[in-house]
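Two complexes come next, and they have one chain in common, subunit A, joined by subunit B in the first and subunit C in the second.
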Partner chain A sequence: MIGFILRRLAELVPVVLIASIGIWGIIYAVPGGPVGALVGENATPEQIQAVTAELGLDRPILVQYVDWLRHALGGDLGTSLQSREPVAKLIGQCLPATVQLGIAAILIGLLLGLPVAVASAMAPGSWLDRALAGWSALALGVPTFWLGILFILFFAVQLQWLPSASSYVPFWQSPGAMIANVVLPASTLGIYVSGIFARFLRASLLGELRADYVRTARSKGLRERDIVTRHVLRNAMLPFITVVGLMMASFIGGALVTEAVFTYPGMGRLMIQAIATRDYPLLQGSILVVLVIYVVINLAVDVLYVWVDPRLDYGA
Partner chain B sequence: MKRILNGLPRHKGACLGIAFLGVLALAACFAGLLVDPLAQDLASALEGPSAEHWFGTDELGRDILARVIYGARTSLLTAAGAVAIAAALGIPIGLIAGYFGGWRDTVLMRFVDVLLALPGILFAMALIAVLGRSQATALVAVGLTGIPGFARVTRAETLALRTREFVLAVEAFGGSSTYSIFRTVLPNAWSPILVQTVVLAAVAILLEAALAFLGVGIPPPTPSWGEMLRTGKTYLYDSPSYAVLPGLVLTLTILSLDAIGRALASILRESEGLHDAPLAEAGAP
Partner chain C sequence: MTPSADSRAPVLSVRGLTVGFPAGRRVVQAVRGIDLDIFANEMVCVVGESGSGKSVAALAICGLLPPNAVLGGAIRLGGTDIAHADAATLRRIRGRDVGFIFQDPATTLNPVMMVGRQIAEAPVVHGQLAPAQAGARAVALLREVDIPDPEGRVRQYPHQFSGGMRQRAVIAMAMAGRPRLIIADEPTTALDVTVQAQVLAMLNRRRVETGAAVLLITHDLGVVAEVADRVMVTYAGRIVESGPVDAIFRNPRHPYTRALLRSMPRLDGDDARLDPIPGQPPTPAALPSGCAFRPRCAMSRARCAQDDPALRATGVDHHAACHFLEEIETLPAPAATVRAPDQGGAAPLLDVRDLRVHFALRSGPLRRRTGVVRAVDGVSLTLRAGETLGLVGESGCGKTTTGRAIMGLIRATGGEVRVDGQEITGFSRTRLRAVRRHMQYVFQDPYSSLNPVRTVAEIVAEPLRIHGLFDEMGGMARVAELFDRVGLSRSFMNRYPREFSGGQKQRIGIARALALQPRVLILDEPVAALDVSIQAQIVNLLQDLQQQLGLAYLFIAHDLAVVRHISDRVAVMYLGRVVEEAEKDTLYTRPAHPYTQSLLSAAPIADPALRARPGRIVLTGEIPNPASPPRGCTFHPRCFRASEICRTEAPRFAGGVACHHPGAA
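Entry: the complex of A and B
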């Protein structure tokens, strides 16, 4: 088991390293270079030289990259050009908000997706199955930013029950205020993932229902409901863990649009802000953090998967 | 092709989707004859739907329906261009990786993994931040995010075809690998690629709209659905229909493509045992 984890970790190193070169290289690909973006078009040669030296851009490229990577590994992601605050601190403020939103969205997605999957897998081809397939298609096809706008129109503008802009309230500070702020963005994302969950789990359940042990259970005279909830669901949930993990991972960096709709202060808004203000240290830092979390969650999911299913081979 | 035409009538959702996309494409083609998306009339700004302006007017008194029709042009062209870019790069990557295996497979698929490691929208935004905001950048950014989809589907299909007798026979007779790839493997791998094309078209439209919604897509005054939703959102209290109706057209377009994609997958699976290719794979939440 330990060997398996170590081997998977070793496989991740090249992916992260290649990506880090790409992320770091962003700064050089900009027309005019990072200095041009910073000092503007009317800068004097002296100004340009001063900023170049200040950012350490007059050193050899390889030295700069290794230096950046060494600092990043030590948790120092540089200083934001805009707010003059440490990038790591800004990320530290936004990351918990995104994680809280992500967890809430996954919970709502499971709450909506699981019953849909079970109900349609128990009667494949029936009118209920077709209706629920329509629901999944709708959940996936409706763009989150349009659904979010509809939610705001109905719950904030019409009924005035909930705020139209959501702020980050940690759950342990005030659960009530947290729910009021997070319920609309989390439902927007949750409905989307419920479509993915339902489609995936339904296919997984249908596959399991064809297994020999199900026929044995049926011939013993067990009730269909018990077969599904006690035996089939447990086995079908195994590959499903991967999907839930992948969704969580993609929310860390991918809830950009939803965060923008509700002006929610998470990682997505931080990155949009970094792009809009050409704040390259902030952009590099946040993309790197998102990437590392993404890759680590993927690894954790793989490990969990092998751990909960002893039939799987560590070598595979 | 015949298989698809025979199977299609059984999938009503897909037929509705084709009809909707057909009307949309026709309107987009002949948009110039129908409406003017830039005509301003400040006196009647932010009006709700009426007989004169079916979808109402925007903050400059421009007809929203006219802008939605011109937005269809932007969306459909971006989707077509992006899918072409993704296919032109992704299919060869998948063919080479799957056919030759070995170090080529390792190197190419690692590259695809790196592309996949970032959410598509983030990758596109970073690219736009670097290259500047323009119609061409949006097209390329959306296109590049589609490469992994094509590469993986093509590779999987190539791997399966690689060991089939008719491919081995070409090799045994001394056919070159180029001949083998383009004359025996590719012609037999088209069905999953076709499904992937439809799925990616939907993803491309969604991604282009999302980028415009975030304010980094195709720059104004080119009408774009995402941009309209972005502006409409600021007038939610004055004119709710402004954001709702363009979003409805966008949603119907995505749902149509999804229905067509699923119908195709189901028709082709019946005859060839194809895997499901849901819209979920590369969505932009």
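Entry: the complex of A and C
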């Protein structure tokens, strides 16, 4: 098991390396640069040149990349051009907020999506199934920014139960405050993914319910409920785990809209900032971190797969 | 379990069972009135072709049918009225009073749950067993079905079991609640013949030990003859004949039973031409009027189209449903086969020398080569014009890989393949394509080997187009001629594969293979997916074509009776090697290799009188994993004649056999 994880991690190194080159390429392909944003509109060419040289941006791109990579490997992602603070520190502030939001959103999504999927798969075509399909369509169809604004208007402005602007409170510091701050953005995202989860798991469950081993379980006299919980769910989970992993990964990198609506201090906001000000080190660092997390989540999905499905083994 | 107080009361009693499925506005009757009684410690076989309603009836007995099924009639299991029982009662009966064994052990078990837990699940659910004792009970149950190391096996998952062991586990599971009735639906159809013999023997032993009644559903008359006490023959949703097993096989009274017995090749049979039943079984949605067998029956008369005959007594406990039971003796005898003239001495059309196909096993991130599977390991064969060589063996022995490697569909690792004297193993794809004009392949599964979105005429014409010979060889006129050849109406040419039955699809596959006027056909299990009555049609067609066109056949199959019927010579494969090859009659009457002997001994014979034949060999174990074959002779761990030398030294193929101790059994 440990060997399998280490081996998979080693395989990730070239992936991350190639991706980091891609990140650099894309950033430099976009017109404009950080210097203009720093020196202002009325700067003389000499001033621009001086700042460019000071930041080391006059060196060949390849040299800049290798230099950045060397530092990145040592954990030093450079200094933000705007705030002059270490990139690692800025990311260190935003990443836990995003991870916390992402986990909360996935949990809400599962909490809503799983029962919906099981209930509709057990009675396909029934009025309940159709009602729940309507729910999934609604969850998927309503734009998250609009749902977020509705939430703010109702729960924060009307009822004044929850803050309209969510801030990051670590769970271990104050669970109550954390929940109060995260429940609105997490529900916004969670309702959306619950639609995806419900649809996907329902299809997966229906496929499994036609399997021969289900007929076997029925022939043994099991209740339909027990057949689903004991036999079918674990089999249906296999493809579903991938979807959950993908959604989690996408939240880490891109809950942009929701974070913006709730002015939540996460990675999405950090990256928008970095793009707006052409803060290259901050942008490169953020993308790199998101990428690594993406890859680690995929690894976690694979490990989970092997754990759920005994037919797979760590050797493969 | 203890026998019931009144041992004459049936365990299961079914009267007038009907099952229908709604299709559009009407209800299609899959089962049209079945009566049956099963008593304790009795093995009743229900035999019939696909679509005869036998499985539907079995599922109906315990309410396992989909909810839209419409049931009629009375079903009594012990004291319970099943037909009117509520869902909770049915659930209590399943697993406790009735155990089920299904066809495919690969899919019957839940792949992500330990075998032991699945086996003991029913008694725990029914409160017969405390959950804490489930583990110990599972071990005991596995031991009762002869699974070695049951303590270790209960903690394993189904994929860690071989096919035969899985089916034993399923039987253990069916018996876990000590049911009075066991319903086994094609329990050995997915198993190899040597494993089938083991499993049937074990099932029978467990029946005697527990006193349970067994309802065994099968299409295989050989299996019926081996194990049945009583037999019910089903056709188009009804029982057309029922009686003691000897009466059914010795003195069949219904024209269908007679025709069925006559249409199948026998392991101990002669070369008499098979007598197929014309046409095909009716589908429940389109039944003929009157007697459902009428359109295929040689004796049908005007009355048969009007009245559907009821079962009538024709002997002790022997019933048949025919208006003309009394006249049935006068069926015409089948004509003898005219065999193609012997071509002995002519140069072989196909000459395979020391063919080897090895697959690398790769694992790890760098896909390192960690082992090798010798799927085919030194096979030599010759085939002359007009001759049929049968290639038999159990699953995984490499017979299909051999066929594909000869065609060049899989690249050979070594050895030579000569077609008409021309060595082709090193050929490029283009040159191979040219050779394939003379050598064509017919696939096992007629259901998936035809492209569903093209008309059958296009499918048959495709080889002509690929080789750029469509116009040269006569275009659509050639295709029409091929349809005549394989006995399909030209009016079908513009239809799509889904509109055809299995037998018709296989005819299309044969027509496609014949399009380029090949000289060699490689037939890979061409009749394995077909019903018995249809098998005979295809076998006869193949024999006629061979005679008319002088074709050479490499006939790959696992069914020993079919192979005997169609072949001139037979080669037996085990783990990638030919272990014995001989003229057909020599091989079947005087086999020299212990594996051939056990294979022939294990094959069920459709004759209950031979059930207790002396010297039956039931092999232990199953075919080893080809990735790690045993040292020495690969058969030695299962061989009853193995000695020291067999453990260390692989025997060479000499005098038609590869064995250190060849000879009579």
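Just so we're on the same page, the second predicted complex is superposed on the first by the 271 of 316 C-alpha atoms of A that agree within 3 Å, B and C clash if a C-alpha of one lies under 4 Å from a C-alpha of the other, contacts with A are read in each partner's own complex, and residues count from 1 in each chain.
In the analysis below, contacts are C-beta pairs under 8 Å (C-beta built on N, C-alpha and C of every residue); 3 or more make two chains touch, one makes a residue touch a chain.
In this text the structure is predicted, and so the values were computed from the model without any measurement.
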Winner by number of subunit A residues touched, once subunit B and subunit C are compared: B
Partner chain(s) touched by A:165 [first = subunit B, second = subunit C, both, neither]: neither
Contacts of A:283 with subunit B and subunit C, given as first, second, both or neither: first
Touching partner for A:53 - first (subunit B), second (subunit C), both, neither: neither
Which of subunit B and subunit C A:149 touches, first, second, both or neither: first
Partner chain(s) touched by A:258 [first = subunit B, second = subunit C, both, neither]: first
Subunit C-contacting residues of subunit A that also contact subunit B: none
Partner subunit C, residues of subunit A touching it in the complex: 7, 10-11, 211-213, 215-223, 226, 230-231, 234-235, 308-311, 315-316
Complex interface listing, subunit A residues touching subunit B: 14-15, 18-19, 22, 26, 29-31, 134, 137-138, 140-146, 149-150, 152-153, 157, 164, 189, 192-193, 195-196, 199-200, 203, 250-251, 253-258, 260-261, 271-272, 275-276, 278, 283, 287, 290-291, 294-295
Residue ranges of subunit B touching subunit A (in the complex, touch as defined): 13, 110, 113-114, 117-119, 121-122, 125-126, 128-132, 202, 206, 209-210, 213-216, 226, 229, 232-233, 236-237, 240, 243-244, 247-248, 250-251, 254-255, 258-259, 262, 276, 278-280, 283-285
Touching residues on subunit C, where the partner in the complex is subunit A: 62, 64, 91-96, 98-100, 102, 104, 107-113, 118, 121-122, 125-126, 157, 159, 170, 173, 177, 363-365
